[in-house]
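Input: structures, listed below.
Next come two complexes, and both contain chain A; in the first it sits with chain B, in the second with chain C.
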Partner chain A sequence: MPEVIIDGKSYKYEGQHKLLQFIQDLGKEVPFFCYHPSMSIPANCRQCMVKVGQYIVDRESGKHELDDKGNKVIRWFPKLQTACNIDIADGMVVHTQETDELVRRAQKDNLELILINHPLDCPICDQAGECPLQIQTYKYGPEGSRFEVKKVHKPKRIQLGPRVVLDAERCINCTRCTRFTQEISKTHQLTITRRGDKNYPTTAPGTEFNDPYSLNTVDICPVGALTSADFRFKARVWEMNQTPGIDITNGKGCNIDLWTRDNIVLRITPRFNMDVNDHWMPDAGREAYKIFNENRISRPLQKLDGEQILSSWNNAVATFIEQIDNTENKNILVIGSPHASVEENYSLAKFSNLMGLNQPVFVPHLKEGAGDGFLITDDQAPNTVGCRLLGFTELDQKALKKEVVKASLVILLSDHLLDRNVLTHKDLDGKFLITLATNHSETTKRADLVIPVTTAAEHAASYVNVDGRIQRTFRAKETKYTNRRLDMEMSEGRLDRYGTNFDNWVTEDNKIDCLPVWRFISEAAGSKGLDLVLSDGREIMDEISSTHNPFKGVSYQLMDEQAGILLINDSKEKTNA
Partner chain B sequence: MSTADWKNYEPVLIPDIKDLHNIDVYIKNGGYKALTSVLKDKEKWADPKSVINEVKEANIRGRGGAGFNAGLKWSFMPPADGNPRYLACNGDESEPGTFKDRKIFEYNPHVFIEGALIAAYAMEITTIYVYIRGEYRIYIQMMEKAISDAYDKGYIGKNIQGSGYSVDFYVHSGAGAYICGEETSMLESLEGKRGYPRVKPPFPAQKGLWGRPTTINNIETLAHVPAVINRGAAWFKGIGAASHPGPILYGISGHVNKPGVYELPSGVPILDLIHDVAGGMRNGKKLKAVIPGGSSTPILRADQLDGITMDSDSLRTVGSMLGTAGMVVMDEDTDIVDVLWRIAHFYHHESCGQCTPCREGTGWLEKILLKIKNGDGEVKDLDLLLDLTTQMEGRTICALADAAAWPVRFTINRFRDEFEERCKKSVHAFI
Partner chain C sequence: MAYEFTKEDLEQIEEIKSRYPEVMPATLPVLWVAQNRFGHVNPEVQNLVAETLGLPHSHVHGVAEFYTQYYKEEKGKYVLDVCTCLSCQLCGGYDILHYLEEKLGIKKGETTQDGMFTLNEAECLGACGYAPMLQVTNDQYVNHLTKEKIDMLVESLKKGEKPEYEKIGMPQRENI
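Moving on to the complex of A and B:
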C-alpha cells in the first residue's frame, strides 16, 4: 500500500487525497483560510504552505539513495507547496510547521501580510471567538506587526442583500463566498471587484444578494467580513450554548445547531451531515429560530364565555378528559401532524387507541413548486414520512372536511389547519376544538382548549425527512419543568456553568410553561386510570421500534452514532417532494 | 552569424519594406510561402510532427520573458481527438519597458499571422485567439483588418489552400490589466472571466481554454516561425548567442538618442546597443543604470555592464535576466529611489489580489518606498523591504509577486548608498 511520510511518521493510504485534507483527517493541523472541503480549491490564501519532497529512489535497483550518515536522501520541491491543492503520492515526504522552521516562518510571514490591511477590530467584531483568522493568528502568527504605514480603507457596513452585511476591510479575499454562489447555490450573485489590495466581494451593480442560501456565506467566511444582518451584535459566541438539532421548516431535515443564551434561541447554523445537507442550509430555516422564542403559548388556555383565558394544567387535563368522556367515540376526530415528531404522533395515536378512538389522520403540508432540488423541498413539514410510517391515514383537504363534518370533538396536534387554509371557521362551527400547539395562531385562537407543548428546541424527538431518514433533536432550551444542570443531554455554556439563578443574565421569563406531548398524554391517561406512561423520547422510540416494523432497530444511540438512519431504501415510497 | 558582426544583420521580422502590413506587399515579398509549404509540400513536411521537430530543433526560446523552447512547448500538446484545441497568442505586453509586439502588429502583422497558422497546423489546432492589450486600440483594428485580408486570400478559414486543414482566427481585446499577460489569467480573460491566474497543474496543454488543450505563445515567438520554416532550423540557430539563438526585437527606451525597437541577433553587447544602435546617451550624459528586460528584471549598474551581452547566460553572470529584451536606459541624473517607487507602484496597481503575499506585499512595498522617497524613511525600512521580498517571492500562484519583489531587492542591493542617503539620519546617535 502506498505511504506518505508526514513529520517523520509514515501513513498508509488508499485512493487519491489532497494533502491538506489528508492531514486534517489524521487529526493533525495545517492552518488555512480559503480551502473548503465542499468547494473547488483556489489555493489563494497561501496559508497552508508546507515543505514537500520525495525520497530519491534508484530506478533500477529500487533502493533509496543514502547520504554519508545512512539517511535517505530527499529531493525537496524548489518552493514551498500549498497543502490544499497537492495530491499525495507514494513516498512523499512532508514537513509541516511542527517540524520545519522554514514552514513555520512562511506561515508566520503570510499571517503578517494578511493582517496588515485587516482592521483588527476583534473587540467589536461578531466573528470574534469563532474566527479562523483570530485562532490561527494566535497559534501561528507573528508577535507583532512591522506595518507602520496607512492601511487600505474599503467600504464598510454594506447591506449586500436582505440578510447579509459586508465589511470589506475585514475581508481577506479567500473567495469562499463567491465560490459558494458559483458552485453550490449557483446564483452567481457574488464576485470579487477591484484589484490587488483594494479587492472585495460584492454583487453586480444594482442587484442584491438575495440568494435563498445567502447566509451560508456568513458561516464559511473565515473572518467577520460577511455577517448576518439579523444576528449582528446580538451575542458573543462564547456566551451561547450550541445544541444539535434538526431544521423543522421543511421536509429535508437539514442538520442544524441551535445557539441559545438564557433559554432564547439566538441563531441557527447548519451542522455538517454528508448524507443530508453537507455544510449548508437554506436561509428560511435559519429564520425559524424565532418560532422557538416568540409568540409561544405558555400555560394552557381555555375558552370561557367565548373568550380564551389562562388556565391551569389540572383544569386542562380535566377538561380534556371530560370532553372525551362526554362525546361519543364516533364523534371524536383525532388529527396527527406532519409538523410534530414521530414520538409526539405516536403518543397521541397510542392514547387514541387505548381510548378506542380513531387512528389519527393527517394532512400533508405541501407547497407545489417551492422545492429547488437542493435543500428546499415542496414539503413544508419535517415529518410527513414519519406520519406515513406510523400508519396514519393520509387525507387531502376534501377528505378531512368530510371527517370534520361528522365529528363534534376535534383533537388536533401541532398543526395550524386554519392558517394553512385546510379548514375554515365554518367547518368548525359548533365543534369543540382541542389543540396541542407551540405557537399562537388563527387555529389556536379558535380552539376551545389549547395545550402548550414543547418545540423541537425543547424536547428530544425524531423526524423522518423526505428521503426517509430519521434524525433527532436535542433539548436546547429549558421549559418551566426542565433543568439544564440535571439533564445530562443538555449543553451548558459558560453563563450556565458559572452562573447562578440569581445572576442578572438569567431570566425565568424565557422558560415557557409547556409540556412535551407525551407528558400531557400520560397525565391525561393517568387520570383515566389507563396504563400509559411515556416519560421521554428515547423510551418512546424504543417502544416504536419494537412495535412498528419500519422503525425496527431504530434507537437514539444508533441515530447519534450514524447521524440519522435511512428507514426506506425504495425511492418510490418517498414523498413527491 | 556570430554576435560580433551584428552590424551586417538583415532583419526578417521588421525589414525595411514599405507598406509591409499590406497583405499584397507581404505576399510579394515571399509571405505565406512557409505556410503553403508546410500545408502542401508533403515531401518536406510529411506531417504536423515534422514541423514541431524543426521548430524544436531551432530552439526558439519564448520571447515573452520565460525563455522556454517553443517547439518543446508545442510537443506537450496531447494527441488530437477531434475536439477543439486552441492556440492563444499573447499580445498583452504591458510590462514597463516592453513594446516589441506592437512593432509587429504595426509593421508586419502577417508574419505573426503566418507563424501562428503554422503553429496551429503543427499542433492540429482548430481555433486561434490573439489577445491584444486594450490600450493598443489602433493595433487591434489593424490586426482585425490583417486577419480579414488573410481570410479573403484563403490563408485562414475552411480548407486552407486546398490542404484540407481548417482553422479560425479571432482577435480578443484586453481591458487594461497587466495580469492578463500571465498566460493562465489570459485564458480566464478570454473566457470572459476576471483575470485571475490559474493554479498549475493542470497545465494549459492538458486543460487550458474552456478546459481544452491550449498552447500559449508570445507574438514575437510566433513571428519567428515562418523564417525557421523557410530557412531551416540551422539558419536560426546560427544567429546570435548559442544558448538563446535567433533574432530578437530589442525595445530600447530611456535616456538614449534614438529609442525604438531594433531587430538584431541575440547576444549583442549592451553597451553596443546603447552607444551604437540607440545613438548613445541623450545630451552626452553618463550612463547610470540599465534595466535589461522589462521592469521586473534586476537592474544593472553601469559598472556591471562591461562585456555583458543580451542573452540569458551572460546576463546571469551579473545577476539579471533577458526577460523581454525591453531595455530601459537611465543616465546619471536619474533618481533611483524614484525609479524603484514607480516600479513598485506599477506592481501594486496591477496585482490581481488573488494571493495574499502579492496582494498585501506589493502595497506594503510601495508605501514604504513612498515614505523613503519623501525623506521620511529610516534605514531599518530598507531591511524590512528586503525581508518582504523574501516573504513574497515564490509563494504565490503566478510570478507577479516575484516580478514585484526582484526589482526592490536588486535595486536596493545595488544602489543601497543612494537609498540610505534618502533615509532620515539615525535617531540613535551617540553623543
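Moving on to the complex of A and C:
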C-alpha cells in the first residue's frame, strides 16, 4: 500500500487525497482559509504552506541515499507547497509547521501579509470566537506587524442582500462566498470586484444578494466580512450553547445546530450531514428560530363564554377526558400531524387506540412548485413520511372536511389547519376543538381547549424526511418542567453553568409552560386509569421499533451513530420532493 | 440610453466566440468590442455583454472591474494617461500632469466640459526610457514630453488628428 511520511511518521493510504484534507482526516492540523471540502480549490490564501519532498533513491541499488549522520536524504520541492491542492503520492515526505521552522515562518509571514489591511476589530466583530482568522493568528501568527502605515479603507456595512451584510475591510478575498454562489447555489450572484488591495466581493450593479441560500456564505466566510443581518450583534458565540437538531420547516430535514442563550434560540446554522444537506441549509430554515421563542402558547387555554383564558394543567386534563367521555366515539375525530414528530403522533395514536377512537388521519402540507431539487422541498412539513409509516390515513382537503362534518369533537395535533386553509371556520361550527399546539395561530384561537406542547427545540423526537430518513432532535431549550443541570442530555453553556435564578442573565420567563405530547397523553390516560405511560422519546422509539415494521431496528443510539437511518428505499412512500 | 450592439458587432462577437471552446474566455475581447462601440463599459454595457454572451452579470462585472483599461464610466473622447511613476516623475512627469491640468482646466481624474479630454495619472507604462510620457486612450504613446509638445498634441487632438505611433531605437554607444 502506498504511504506518505508526515512529520516523520508514516501513514498508509488508498485512493486519491489532497494533502490538506488527508492531514485533517488524521486529526492533525495545518492552518488554512480558502479551502472548503465541498467546493473547488483555488489555493489563493496561501496559508496552508508545507514543505514537500521525496527521499532520494539510488536507481541501480534501489537504496536510499544517506547523509553523514545516516539519515535518508530528501529532495525537496524548490518552494513550499500549498497543502490544499497537492495530491499525495507514494513516498511523499511532508513537513508541517510542527516540525519545520521554514514552514512556521512562511505561515507566520503570510498571516502578517493577510493582516496588513485587516481592521483588527475583533472586540466588535460578530465572528470573534468562531473566526478562523482569529484562531490561526493566535496559533501561528506574528506577535505584531511591521506595517505601521495607514490601512486601506473599503466599504463597510454594505447590505449585500436582505439577509447578508458585508464589511469589505475584514474580507481576505478567499472567494469562498463567490464560489458558493457559482458552484453550490448556482445563482452566480457574487463576484470579486476591483483588484489588488482594493478588492472585495459584491453583486453585479443593480442586483442584490437574495439567493435563497445566501446565509451559508456567512457560515463559510473565514473572517467577519459577511455577517447575518438578523443575528448581527445579538450574542457573542461563547455565551451561547449549541445543540444538534433537525430543520422542521420543510421536508428535507436539514441537520442543524440550535444556538441558545438563556433559553432563547438565537440562531440556527447547518450541521454537516453528507447524506442530507452536506454543509448547507436554506435561509428559510434559519428563520425558524423565531418559532421556538415567539408567540408561544404557555399554560393551557380554555374557552369560557367564547373567550380563551389561562387554565391549569389539572383543568386541561379533566376537560380533555370529560369531552371524550361525553362524546360518542364515532363522533370524535383524531387528527395527527405531519408537523409533529413520530413520537408525538405515535403517542396520540396509541391513546386513540386504547380509547377506541379512530386511527389518526392527517393532511400533508404540500406547496406545489416550491421545491428546488436541492434543499427546499414542496413538502412544508418535516414528518409527512413518518405519518405514513405509522399507518395514519392520508386525507386530502375534501376527504378531511367530510370527516369533520361527521364529528362533534375534533382533537387536533400541532397542525394549523385553519391557517393553511385546509379547514374553514364554517367547517368547525358548533364543534368542540381541542388542539395540542406550540404557537398561537388562527387555529388555536378557534380552539375550545389548547394544550401547549413542546417544540423540536424542547423535546428529543424524530422526524422522517422526504427521502425516508429518520433523524432526531435534542433538547436545546428548557421548559418549566425540565432542568439543564439534571438532564444529562442537554448541553450547558457558560451562562447556564454559572447562572442562578437570581442573576440578571437568567430569565425564568423564557421557559415555556408546556409539556411533551406524550407527557400530556400519559396524564390524561392516567386519570382514566389506563395503563399508558410514555416517559420520553427514546423509550417511545424503542416501543415503535418493536411494534411497527418500517421502524424495525431504529433506536436513538443508532440514529446518533449513523446520523440518521434510511427507513425506506422505495420511492412510492416518499412525498414528492 | 439603451445600449445595443450593431449587426456587425454581433457578427464579430460570434467570430470571437468561435475561437474558444467555451463562452467565458470571450468575455475580455467582447468587452473590447463594447468599449470600442460605446466608448466605455458602464454597468449597463456590462449587462449587455453578459446577456449577449449568456454569462452571469456578476462575472462580466468582476472582469470589467479588474482591468483598469476598461472604462467603467463615460470618459472624454481622448483619455490622457500621464505617467508619474518613478522614471517619469524624476524627468518631470508631475510638471506635465500639472501643466495639462492647468491647460485643460480640470483636475486629474476629471473630464473637460466639452467631453473632449479625460486626464488621469498613471503608473509605469513601460516606456521609462522615453520619460516623461503619456498614453492616449489605451493606444499611442507620446514620449519625451515638453510643454510645447503637449500644446501641439492637444491642438491636433482637438482637430481629430491622433498622434503617429513613434518608434524610438535603443540608445547607441556613441550617443552615451
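What we mean here is this: the second predicted complex is superposed on the first by the 571 of 577 C-alpha atoms of A that agree within 3 Å, B and C clash if a C-alpha of one lies under 4 Å from a C-alpha of the other, contacts with A are read in each partner's own complex, and residues count from 1 in each chain.
Going forward, a contact is a pair of C-beta atoms (placed from the backbone, for glycine too) under 8 Å apart; a residue touches a chain by one contact, two chains touch by 3 or more.
Because the structure is a prediction, the values reported are computed rather than measured.
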item	value
Fit or clash between chain C and chain B when superposed on chain A	clash
Partner chain(s) touched by A:R146 [first = chain B, second = chain C, both, neither]	first
Which of chain B and chain C A:I114 touches, first, second, both or neither	first
Contacts of A:A316 with chain B and chain C, given as first, second, both or neither	neither
Per-residue contact with chain A, leading partner among chain C and chain B	B
Contacts of A:Q189 with chain B and chain C, given as first, second, both or neither	second
Which of chain B and chain C A:V342 touches, first, second, both or neither	neither
Contacts of A:N85 with chain B and chain C, given as first, second, both or neither	first
Touched partner set for A:L433, first chain B, second chain C, both or neither	neither
Which of chain B and chain C A:A43 touches, first, second, both or neither	first
Clash-bearing segment of chain B relative to chain C, given 27-35, 189-197 or 297-305	189-197
Set intersection of chain A contacts, chain C complex versus chain B complex	191-192, 194-195
Of all residues in chain B, those that touch chain A in their complex	177, 179, 194, 199, 348-357, 359-364, 367-368, 371, 384, 391, 394-397
List of chain C residues in touch with chain A within their complex	43, 46-47, 50, 56-62, 65-66
Contact set on chain A toward chain C in their complex	178, 181, 188-195, 202-207
Residue numbers on chain A that touch chain B, as the complex places them	41-47, 49, 78-80, 85, 106, 109-110, 112-114, 116-117, 146-147, 149-150, 152, 172-173, 175, 191-192, 194-199
